[in-house]
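Next come two complexes built around subunit A: one with subunit B, the other with subunit C.
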Partner chain A sequence: MESFLFTHPATKSIDRPAHVGVVGSGDLEIILEPNDQATVEVSIRTHVTGHKATWEAVIKRFFEQHDIAANVKINDFGATPGMVAMRLAQAVEVSSYD
Partner chain B sequence: MIKSLKASFTECSGRERTVELLDTEGYRELLGPFDGVESPHLEKQGIVPQSDDGVIVAKGTINGHLAVAISIEGKFQGGGIGEVSGAKIAGTLERVLKDCEDGRKTIPVLIYDTGGVRLQEANYGLLSIAEISAAIVALRRHVPVIGVIPGKIGAFGGMSITAGLCSAVIMTKEGRLGLNGPEVIEQEAGIREFDSEDRQLIWGTIGGEQRTATGFADLLIEDDMEAVKEAVTSVINGDKTFPQRTEQEKRYNNFLRLVQPNHRLSFEDVRELWKQSENDSVVAKRTSHGTLSNGRGLIWFNKLRGTAEEIGDLPSVRVADSSIGASKVRYIAVVPDGENYFPRARNGELGLLEGWSIAKHIREAIEEDRDGEKRAIIAIVDVPSQAYGYHEELLGIHQACAAAVDAYASARLAGHPVISFIPGNAISGAFLSHGMQSNRIIALNDPGVNVHVMSKQSAARITQRSLEELEIASKKVPAMAYDVNSFEKLGALYSLVDGIEADAPENKDKDLIYQEISRAVDDVRDRNVNDLSNRLTSDLAIEGGRAASIFVREKLFAQWK
Partner chain C sequence: MEVNPHDLLEIACKSDLISYSPQPDWVGLSLDRAPFVVVRRARSAEGFISVGVRGEKRNERFAAFLPGDRIVKRVTPEQLAYEQKWKERPEKLFTYVDEVSCMMEKFSLNWGPTGSVGFELASDKETVTETSDVDVIIRADSRLTNELSRQLMVELRKFPVAVDVQVELLEGAFSLSEYASVKDGEILLRTMDGPILKQIGALKMES
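Then we have the complex of A and B:
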């Protein structure tokens, strides 16, 4: 297991928290919660070791496209980068959905 | 309206299942993902935890009836029951029990998707499952406890025993219900006994259709959301009621009498035998010349009973009535019988006949003492495991275990002091069935005393780790270790007795154990608490042995309202 913390600047706040996914084979769990700082703070725990650079790239790209101030917790059980991006998009959608 | 589309319940996640089952209005999840109460034991072992520890608890109503849905997420760690997930289930049931006692009838529905104890938290799972079982038995006096097994994983291990305790078990064809998972049977008994890759064999033995046809489940339903809700509602309304399986000792013993375990029964044979078992058969007492045992179970049984007459009906389940001081006691021990009718239970394992026999002798005592002094029931525990085999699963060993669990729990609730005395091994489903429902547990402080969930070989196979990795992990998490000193740290023992000659007890050893048992019996009578809560209020439990179990309950009760 490995864990990382990435922080990026952010400006827009989100309406509500979101929870998606499961810590199961090839999947991950994401918990997205609003914060009142001008950053997005992403803490990751992953089952698969040795892919810090990939995680950094995926997170950086996603939050450049989605400017949200939030605390993001990711519990990963071997999701592919594509899966990670889709779950993140789902979490953002849920957090803005009535 | 004609229903044209089915919406699968099985394909839903654990959380979606609770949303589908409960009415939309008033739905509220407790200890949800944002509360972040995760397992404290997984990260140490390099395993990523989940924010709800794989159990979803939701309060609300089902077609207007107050209800709580407890759903296990099978995709996270195989739905394994660890300390937090176990405490969420047990704590919820305990809280529902309180509501029911206060006149607020709330229906608990358990949605199963679990392989049983989470091996990475081993004895925590075992303790939790004992507490879940205790709560189900107590709750059934107030409300039906409904179990739903939709499928994907099913209900296995200790959790299959809890399913066997439910008032109604609802399954789909895809659901599976069995004590020992296919891989574990293969590992323990060999591929000729059970081929874990043979899907037809697996579903034919323990699948929903077979289980419903052979007396181990009540309703077989389509894999459809509406169908689940309809079936659950029919049980709540009382439109459908079923005889309590664990109390049908006669029928199941009839059923087992009809079996010739020397040839391999087919799935169809069992359905036929189940139908035939409705008719009473004359039950001859089983005898054996093969009691080769000089195991600790038998040694201590004989030592403690002294000259008291044996009244058991099986060579492998020894029963005697005696007294310690002024207290009447009934001793029950499970011992090896080299000629056991079921070959897979010949080394002292708790098998089909043993479970039902324990149940019979306890219920007998409850009945006899209904209006008098409630004798103490002393379980002498030296059990290597439950029996692993094809016939065992086919003929419902989980149900035999549940019968024993239910009997011990019922005795406890009826006011009998139930005491476990562990001079040897206390392992897995066998310990759950014979020993774990006691008011007090006494163990010998001896290297030959072990408490655990699964043999190291099987545990390594299931968790996909090497034996070395397993050893390292058990040093970090005492609940994973096998020795009784590690088990003691969890706070469930009433006493750990030093300086006893475990293999060849002398009279002074016997007297010391009499003293310990007396002390435990008096303690139970003085405190007059019939549940298992003392395991959470002991000093060792509070000081850290059960920290998460206690914390989860506190948080859960605070959110209950």
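Then we have the complex of A and C:
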């Protein structure tokens, strides 16, 4: 088990919390909650060690493209970077869907 | 030979594997112990199969390609379910596999074990650990309704270990637990071209 915390400046708030994904091999669970700060704070817990740099790159790229102020909790079970990006997109969609 | 994701392929020679990144030391050691690779859900050049090598640790997974004519033996998850060799294995985890098997038979579902359980059954080499899940696939058909998926999840959540079920369709695979929890809206589908989000109503329940 390994955990990291990344923060990134953000401006736009989200409408509602979101919980997407699955606790299972090659997947991940994401919990998105609104915060009232000008940052996105991402905390990651992963069962697969040794990929901090990849996580950092995936998270940075995603939140540079999606400006949302939120607390993001990720529980990872060995998802690929493509899977992580897709689940993040799903979470953002759920949190701001009218 | 037609192969599908999760099939286990026995190889004759580890030098048959082609990879574009340097092989860590554990790859060769792992193949010496059990010369099996797992078919990955990823595109490959004509005549080649995308495969993965598994090591002992969770972070030991290595992607490679195998020329199709270098397969010694192909073992599908269904074959492993049919053979029921878990009955001969000592680890506690396999008693849960037996329970999953009974449940799948009760609902007449076409299923098979994958992951560490499948690997151990196919290779006859100890692979599961105390932290292993029971990974299985179900081949989709029209009987696997949203209602049945919820019934299955109620049963599966009673197990003392995590039972992770992927539903395999022609176009990809999704998680049974996600299918059971989402009545309408989008679900994540793992495809040959990576994960996509798809409307549940648009899924073709065939395999």
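Here is the rule we go by: the second predicted complex is superposed on the first by the 97 of 98 C-alpha atoms of A that agree within 3 Å, B and C clash if a C-alpha of one lies under 4 Å from a C-alpha of the other, contacts with A are read in each partner's own complex, and residues count from 1 in each chain.
Going forward, contacts are C-beta pairs under 8 Å (C-beta built on N, C-alpha and C of every residue); 3 or more make two chains touch, one makes a residue touch a chain.
Bear in mind the structure is a predicted one, so any value in this text is a computation, not a measurement.
Colleague: Quick one: is A:D27 in contact with subunit B, with subunit C, with both, or with neither? Answer first, second, both or neither.
Modeller: A:D27: touches subunit B and subunit C.
Colleague: First (subunit B), second (subunit C), both or neither: which does A:M1 touch?
Modeller: First partner only, subunit B.
Colleague: Look at A:N75 in the shared chain and tell me whether it touches subunit B only, subunit C only, both, or neither; answer first, second, both or neither.
Modeller: The first partner, subunit B, only.
Colleague: Touching A:P17, do we find subunit B (first), subunit C (second), both, or neither?
Modeller: The first partner, subunit B, only.
Colleague: For A:G50, using the defined touch cut-off, is the partner it touches subunit B, subunit C, both, or neither? Pick first, second, both or neither.
Modeller: So A:G50 only meets subunit C here.
Colleague: Figure out whether A:M86 sits in contact with subunit B (first) or subunit C (second), or with both, or with neither.
Modeller: In the superposition, A:M86 touches subunit C alone.
Colleague: Please identify the positions on subunit A that touch both subunit B and subunit C, taking each partner from its own complex.
Modeller: 22-25, 27, 47
Colleague: Along subunit A, where are the residues that touch subunit B in the complex?
Modeller: Per the stated touch rule, the residues are 1, 17, 19, 22-25, 27, 29, 31, 33, 45-47, 73, 75-77.
Colleague: Could you list, by residue number, the parts of subunit A that touch subunit C in their complex?
Modeller: Of all residues in subunit A, those touching subunit C are 21-27, 47-51, 78, 80, 82-83, 86-87, 89-90, 93.
Colleague: Which stretch or stretches of subunit B touch subunit A in the complex?
Modeller: 13, 32-34, 36, 43, 46-51, 73, 75-77
Colleague: Could you please specify the touching residues of subunit C with respect to subunit A in the complex?
Modeller: 58-59, 61, 115, 133, 135, 162, 164, 166, 175, 177-178, 186, 188, 190, 194-197
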